[in-house]
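Just passing along the structure, written as structure tokens.
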Amino acid sequence: MLLKKNIPFKYVFGKIKYEIIAIAVYATIIAILYNYSHITRITIPLAIPAILGTVISLLLGFRSNQAYDRWWEARHIWGAIVNDSRSLSRQVMSFTYNNYHSEDVETFRQRVIRRQIGWCYALGRHLRKQDALKGLDKYISPDELDALQDIENIPSALLDNMGSDLHLALDKGWINSYQQVELDRTLSKLTDSMGKCERIKNTVFPHTYSLYIHIALMLFIALLPFGVIEYFGYVEVPLVVAISASFLLIEKMAIHLQDPFENKPTDTPMTTIAGSIEKNLMQLYAKSTADKKYKKKL
Amino acid sequence: MLLKKNIPFKYVFGKIKYEIIAIAVYATIIAILYNYSHITRITIPLAIPAILGTVISLLLGFRSNQAYDRWWEARHIWGAIVNDSRSLSRQVMSFTYNNYHSEDVETFRQRVIRRQIGWCYALGRHLRKQDALKGLDKYISPDELDALQDIENIPSALLDNMGSDLHLALDKGWINSYQQVELDRTLSKLTDSMGKCERIKNTVFPHTYSLYIHIALMLFIALLPFGVIEYFGYVEVPLVVAISASFLLIEKMAIHLQDPFENKPTDTPMTTIAGSIEKNLMQLYAKSTADKKYKKKL
Amino acid sequence: MLLKKNIPFKYVFGKIKYEIIAIAVYATIIAILYNYSHITRITIPLAIPAILGTVISLLLGFRSNQAYDRWWEARHIWGAIVNDSRSLSRQVMSFTYNNYHSEDVETFRQRVIRRQIGWCYALGRHLRKQDALKGLDKYISPDELDALQDIENIPSALLDNMGSDLHLALDKGWINSYQQVELDRTLSKLTDSMGKCERIKNTVFPHTYSLYIHIALMLFIALLPFGVIEYFGYVEVPLVVAISASFLLIEKMAIHLQDPFENKPTDTPMTTIAGSIEKNLMQLYAKSTADKKYKKKL
Amino acid sequence: MLLKKNIPFKYVFGKIKYEIIAIAVYATIIAILYNYSHITRITIPLAIPAILGTVISLLLGFRSNQAYDRWWEARHIWGAIVNDSRSLSRQVMSFTYNNYHSEDVETFRQRVIRRQIGWCYALGRHLRKQDALKGLDKYISPDELDALQDIENIPSALLDNMGSDLHLALDKGWINSYQQVELDRTLSKLTDSMGKCERIKNTVFPHTYSLYIHIALMLFIALLPFGVIEYFGYVEVPLVVAISASFLLIEKMAIHLQDPFENKPTDTPMTTIAGSIEKNLMQLYAKSTADKKYKKKL
Amino acid sequence: MLLKKNIPFKYVFGKIKYEIIAIAVYATIIAILYNYSHITRITIPLAIPAILGTVISLLLGFRSNQAYDRWWEARHIWGAIVNDSRSLSRQVMSFTYNNYHSEDVETFRQRVIRRQIGWCYALGRHLRKQDALKGLDKYISPDELDALQDIENIPSALLDNMGSDLHLALDKGWINSYQQVELDRTLSKLTDSMGKCERIKNTVFPHTYSLYIHIALMLFIALLPFGVIEYFGYVEVPLVVAISASFLLIEKMAIHLQDPFENKPTDTPMTTIAGSIEKNLMQLYAKSTADKKYKKKL
């Protein structure tokens, strides 16, 4: 799995480029003013930016925590999707009863497993607001694809189709009703995972908090040069830039982590995960079919 | 979904308007006194407000965390309601057995799904202390609506009606008792979600904590001008206002987030969520009915 | 529900009255000493109380968090009790099969629901170390009440009686064994809630922690006047009192929140919650019985 | 229950006795040196210990939190053991079907309940690395005890015996297979609780963290006298001792809380809890047997 | 169990050796410059590194927390694996029905238990990117091993084989379908644990956060000597080294804890845990087989 792909540093740094330049210009102007006009009155005690720095540190810590939690929850959910996909596939193989080695049961098993793979891709695309039907033709029948055309929430509809298939399997006697209930429970878990993704996607971090933290940060940066100019002269410029950049980087990192389904490089790698589920399930399905001889020996 | 609607900045700012004006006047008076009477004795070391600032930061951090948790839990619960509504609808479609394509089963399925939609709206109105029966006539039969007239807790009664319907379905042989138990389990989850909403609604953040934090904050603001007047003169006024406003804003934000069912702009968007559930379930129900031909082909 | 009842400020303030007076006297003595003997040597740098202040802030933050968690968990548990009472009542109504409209089944349903209400009251009284049997005669039969006379843990015995009733119902054919298992699961949840309440009740916050925090706080208050006397003179007295009161109030608040079942005004409102459960269940039971005509029409 | 037993203050204080004496000697030597040689150069700015103090506060906060979490989780687990013991006992009474009032079923019920009590004691002794078989003869038959002689993990073996008994009961028709599955689920919960206790027991808090925090604390204490000597002279000695003792106490408390199964006074009171389970289950069993007459009347 | 093995201090210290030497050289150069050229202008107020120190403390605290959580979650998961292995083994012994004391059932029981042991070892090796098949021949049949040759995810395939075996057992009538569903549920839990391990393994702590914290730390260390040189002269060198080492050690500890499956000394002791599961299950299996006589007496 390629989940180790990092958030490119350059990408993040690019986002604060203009802020950094503005701060550098601002700090330089103050240093020049101070040096040429010698108005020492503009210096302020370091304690002022220090108080603000403490408050902002706490707020950024609070912010980072919430953002990290959202990001980490997103990974949790997709981890659960991996697990439940595997369980669904194991259950559909080991629950269905195939007395006469009927082709129909085999088709049914395959259909459920392929639809599950398709569901993972579709959920990823749905969350990124892309066309969830694209590429789905590889995993479901044309008839089923056709019936999905006008549906808004494709992943939800696919799980409903899973339900219909369980109904059919019960009807045909391939599973009994305890097994149906257990398989349905796995569908409920997948429904939960899907709903949790949508909740994270649709519930933004309270905007006013973000705005306030940004304003407080700006105030802090604006005051900082006046606090350190006295001791450093021109050395003040890189110092102010370095400290400001630190704070701004944390803020940007939090902003990126907090929206894990927004089609950005910092995203949850949903397509990669779906691909790995596909590989995993197809390999086990192939093995399971090949195993028949082995099992006959038992 | 329109959950991205932000808490309007103007709305929040409006809440601290009068405090801000009072602080500005207070700071100005102190600046004038200091400038005209030159009583330097009124200045205090910045360390005093700095200590208080640290304590208040920690308390506001604690407060923000709890408020955020309440707000985020409210979203969790409504996310779970979305998931369980979908699962209930999938289960009622795929569990019920309809041997002779009887109209009764179809009516039953539809009644459960429509009632579930009505329940979501009713729960939202119930939590906001509005008339929960209003608009319910679109989702339940007149007879059922009639029987609810004198009931206090409408959503709870609707779930009981769900239970009666399951009883009926078992009686008629449309579902067997494992399926009844599984459907009832989904009802229990919905009961849990409803109870959690009521808990958040009815359990206020300890008022004395709030009061104390407010008093400590006022003390801090009252001392702040004396700490900075020495260095800034009249520039002290906007500085004090800016710092005070920062702290007050965090406090107000926490107050708003902590009560997520209070009919305010910062509210959990329950009506929007219920609307999206309605759209989702109705679309899938329509598709499922239309699918019958497709399923016959299998 | 009346859960919004606040912890009365006066009640909390009363608890710190004597400490406040002692601190005022202490601070005044130091101010007098300083003013009349002009021994400036007794002043200390503000950094000393500031270090202590930071440590204490962190410890009180830790303390407040744990106390709040206990208090909030207590509400969670009672929220779960509300939910599981409703689910139990819904299940007992919709699971029991009453073929011949037998009086016995009706009696059984009523007995379970009434006992569940009685259990809520009994658990509240049990946790407060009051006589759990008092008032129970309204909810259970004289025979059952009689058999409970020498039992120590009444709520636990009531849940066992629920179990016996399920056994009876299975025996009589009113429920089948899946339904028995599902009803028993709800009893297990109620057992869990009861056990959790007992755990919170019986596991105190580590006393030595509390003691240590109190000692550190006293040290801080003792040093504070020496730190600020230089700048404020007699104004020092109200300042020291105000800051000390802030810290003491947080400490007291934490002490109150941490024991949510101790029969104090800050208590979990168990009787109120039990009352609301009673009203809720009785109303739905009445409606359900009245509904019979409505259901016959289906 | 006697869970309110506190960690004796003297016990904890005893642990830091020698450290306190060493610090007192050290601080006195520095005070003497300073007073007689008047080398003022050895004083350092208070800001140095202050920085270290902040870092250490944060680390001790982190440490206290993790230690408290382990301690609190241990109580949670034993709370769950109480709950699941009660549920197991209720289930074994209400699930088993005794058509002909056979003695065998009564024996079976009693055996399961007594073994469960024995299991609680055995688990407590097992976690404290004591002989888990000691005293077990009161709760299980000599034959069963005999078969356990060479087993390493006694509690685990007892749960396996529970499983064998369920197998037997199913075989004899005293329970059906749903009830077996449900009882087994309670056994799985007990298995989980046992495994969680072992995890806490066997997974130590990362030692290097502890070591580092201790070193940093020592550095802080070593620097402290130099920071305050200038202002206090000989008063420095008690002040340094008091502050050091505060930090050391928090460290020791964390060390004690973090290992909740180590046979120390700060331990989880497992024997007390097991005793209370025994009393509870035996009383309810006795009552249940006595209740037979009452139930016949129904 | 040997889980108490600590992360060797020397090992961790070795990692910061070169950084420490570089910092010592750097601090010495600054001390020499200051002493010989007496350019006092290079000193900076201690408040500057103090602000940075606060920010870094908060960030390292955040970092330590996340790292500790990952490490602790890894232990949780392996604890759950222990529990579910025991439960699976108990269930397979007590659920399977062996009417005619058939050898086949005995073989089946043994096969499931041995495969479960093999699964634990295989999962450990899989997570460490070692050959998961190595040593597996001790636990599964040559045929089964053969069929696994080309499979990528061995642990996942083993759980699928478990599913096939349950299918077989249902087919042969050794278990009924409730028991199959319950055993399958245990397999689902093991699937979840496996997936959680993979999630932790494959989801790195956001790299940019780490990088930023490292840069800020370097800035802090670079400024530190200028802040303390004025007061300490050459004593500055060990002081700067000691403080820097503290911060670097915390950073390294966090880095080590955060990847609990990387084949390092700080690793989760998966082989040890698997070994202890093996010993536990084999002992209980042996006892259970020996118990037959005991059970016959009942």
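Worth a mention:
Letters A, B, C, D and E mark the chains as written, and numbering starts fresh at 1 in each.
Everything that follows uses one rule, which is that contacts are C-beta pairs under 8 Å (C-beta built on N, C-alpha and C of every residue); 3 or more make two chains touch, one makes a residue touch a chain.
This structure is a prediction, so every number in the text was calculated from the model and none was measured.
Shared contact partners of chain B and chain D, listed by label: C. Chain C and chain E have Cα centroids separated by 38 Å. The mean-CA centres of chain D and chain E are about 23 angstrom from one another, to the nearest whole unit. Among all residues of chain E, those that touch two or more other chains are 47, 50, 54, 58, 61, 178.
Taken as a contact graph, with one node per protein chain and an edge wherever two chains touch, the assembly forms a single closed ring in which every chain touches exactly two others.
The ring of touching chains, read from chain C in the direction of chain D, comes out as C, D, E, A, B.
In the complex of the two chains, the chain B residues touching chain C come out as 44-45, 47-48, 50-52, 54-55, 58-59, 61-62, 66, 143-144, 147-148, 151-153, 156-157, 159-160, 163-164, 166-168, 171, 177-178, 180-181, 184-185, 187-188, 191-192, 194-196, 198-199, 202-204, 206-209, 211-212, 215-216, 219. Per the touch definition, chain A reaches chain E in the complex via residues 1, 3-4, 6-7, 9, 12, 46-47, 49-50, 53-54, 57-58, 60-61, 64-65, 68, 71, 75-76, 78-80, 82-83, 86-87, 89-91, 93-95, 97, 176, 178-179, 182, 186, 228, 231-232, 239, 242-243, 246-247, 249-250, 253, 257, 266, 279-280, 283-284, 287-288, 290-291, 294-295, 297-298.
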